[in-house]
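Each of the next two complexes has subunit A plus one more chain, namely subunit B in the first and subunit C in the second.
Here is the complex of A and B:
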């Protein structure tokens, strides 16, 4: 199924694009989507979204169809779904 | 019949006899006032009033009562806006450079209730951007900010929580706010707040800030809607780091973007448009 992934902030800058369309299998999770997107870019991109053990970084914010989700949850992805990735930046 | 004219006295229209002077008006309405402000400037001399004049009588050190402050705000903001703000509750997670400034801005405009949370104390290094004073170093930020807010507007209902916010306690602490503000320093905490609040209170607007360090141009800080209930303020890229420290001007720009987004959300307006 085809998923559109929107990239914001540093991710958009590193990918040099604001969205990417990917094909994922049935049962794919948000983590699978992030891994697949990250695989298409360099180490700088991967280092922002994944830690050394390959887990999603705590600072990564994910929206599924415009709604922020808990990364630990596994919402069922459907054809045409939109996933948005944004990394929180320290400072406040 | 003597001519009558209408002036404004403490923002309220008042009809008086033409030829009435400032000092005569003072005797009638506030004989113990020691400062007279006419059309925005102190006026020590007496003079006749003219239609449309704007007069304020002040007794130094006297704290305006709730009714008087509310009348001033209603006149300044319009009664409809004031009524909405007065019945609103806003949560602020983190009371540092962002949170302290946002709280003060919202207290100044009369938001009825603020729910404030931070575990931290005021440190000397905070003073370059956070809304605390040098004699508050060592105090809990919740206590210090409460004291400052009470000096700005004593009629705001302030609820404080001197705790470290977690996924577990965020839903309970901010259970009934109308709009939520993320004002943390740590990136992980920002994401934690988004996940936990949006899960517990789906559809309630959350205004976060990300990317506000250094002294890049002010216009690089923006407000944008991301998804249905998330508003993101900042440049989304500039992290606090050696060489790009957090500084009052740019942190203040971001904080007031957040405060204005909160105001627009409370009024049912698009925070981005």
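Here is the complex of A and C:
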């Protein structure tokens, strides 16, 4: 199934694009999608998304169809779902 | 509370017409105080709009001297002030705009060493600092002193604002338990992007201080000027939050 992942904050800047569309298997979770997207980018991108143990970083906000999710809940996705990755920002 | 003078009624006449605000709201604003952390691209327009609206007292904290690269966004600065303390330019501009305004200005940034004393002395805090350690220091002080914190931030063409009411809403450490890796003090920015966050932050503060009621308590307004899309996102408290949690 095809999922669109929107990138905001530093991730959009590092990826130099607004979103990516990826193909994942049935039963994929939000975390699976984030891992797949992160694998396509460099260490700076991955470090913002994942910690050293490969878990989603606490400073990363993840939206599933525009609703923030508890990253521990690992909701399963459906065809056409939108995932948004929003990084912590502090520009003043 | 100190009542409005005839001069103040004349200056604020147009906003006294705002439904739910009126002379009562203006009087509350006159008797209120706010801490603004840094007066750069974001904190500058926050301080300016608070001054315009008629807040009684501002406490401003910002260290360092003005650089040429500040002048694409720091609207309280002037070109002739390059090389001189930013805070002095900010005070001059604000006093010229609103001579009734009482200003306490510190030529230093917020830190764990000064946050408690500064936060304790005001009614509300506007967090406009470019570094997470400054933001976290203000958050800890606001939670400790039960002071509302308007947290505004931006990056490139995006911005966000939330209102933190200690004991009621998530605090900043609930939203971001850690500094994200790779965050730097210098970041891509057009001046209009932090101005938008500043305007939203100030309106949230004015509504809270004047009794009109806030809108962004426990919610984050996130805007993207690249797509001109705005989202209002619900936020959740963390029971295990190191700052405001139960454990």
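Convention: the second predicted complex is superposed on the first by the 89 of 92 C-alpha atoms of A that agree within 3 Å, B and C clash if a C-alpha of one lies under 4 Å from a C-alpha of the other, contacts with A are read in each partner's own complex, and residues count from 1 in each chain.
Note that in this section a residue touches a chain if its C-beta (ideal position, glycine included) is under 8 Å from a C-beta of that chain, and two chains touch if they have at least 3 such contacts.
This structure is a prediction, so every number in the text was calculated from the model and none was measured.
Once the two complexes are laid over each other on the shared chain, residue contacts for A:17 go to neither subunit B nor subunit C.
Contact with neither subunit B nor subunit C is seen for A:76 once the two complexes are overlaid on the shared chain. Using the contact criterion defined above for the overlaid structures, shared-chain residue A:58 touches subunit B and also reaches subunit C. Applying the stated contact rule after C-alpha superposition, one finds that A:66 touches each of subunit B and subunit C. Applying the stated contact rule after C-alpha superposition, one finds that A:48 touches subunit C and leaves subunit B untouched. Once chain A of one complex is fitted onto chain A of the other, the partner contacts of A:2 are absent, as it touches neither subunit B nor subunit C.
In the three-chain superposition model, subunit A touches both subunit B and subunit C at residues 8-10, 13, 58-61, 63, 66-68, 70, 86-92. Interface residues of subunit B facing subunit A in the complex, by the touch rule stated above, are 94, 96-99, 183-188, 190-192, 194-196, 198-199, 202, 206, 208-213, 226-230, 232, 234, 236-241, 246, 251. Subunit A contributes residues 8-10, 12-13, 18, 44, 47-48, 57-61, 63, 66-68, 70, 86-92 to its touches with subunit C in the complex.
Residues 8-10, 13, 58-61, 63, 66-71, 84, 86-92 of subunit A are the ones touching subunit B in the complex. Considering their complex, residues 37-38, 40-43, 128-132, 135, 152-156, 158-160, 175-183, 187-189, 194, 222, 224, 226-227, 231, 233-236 of subunit C touch subunit A.
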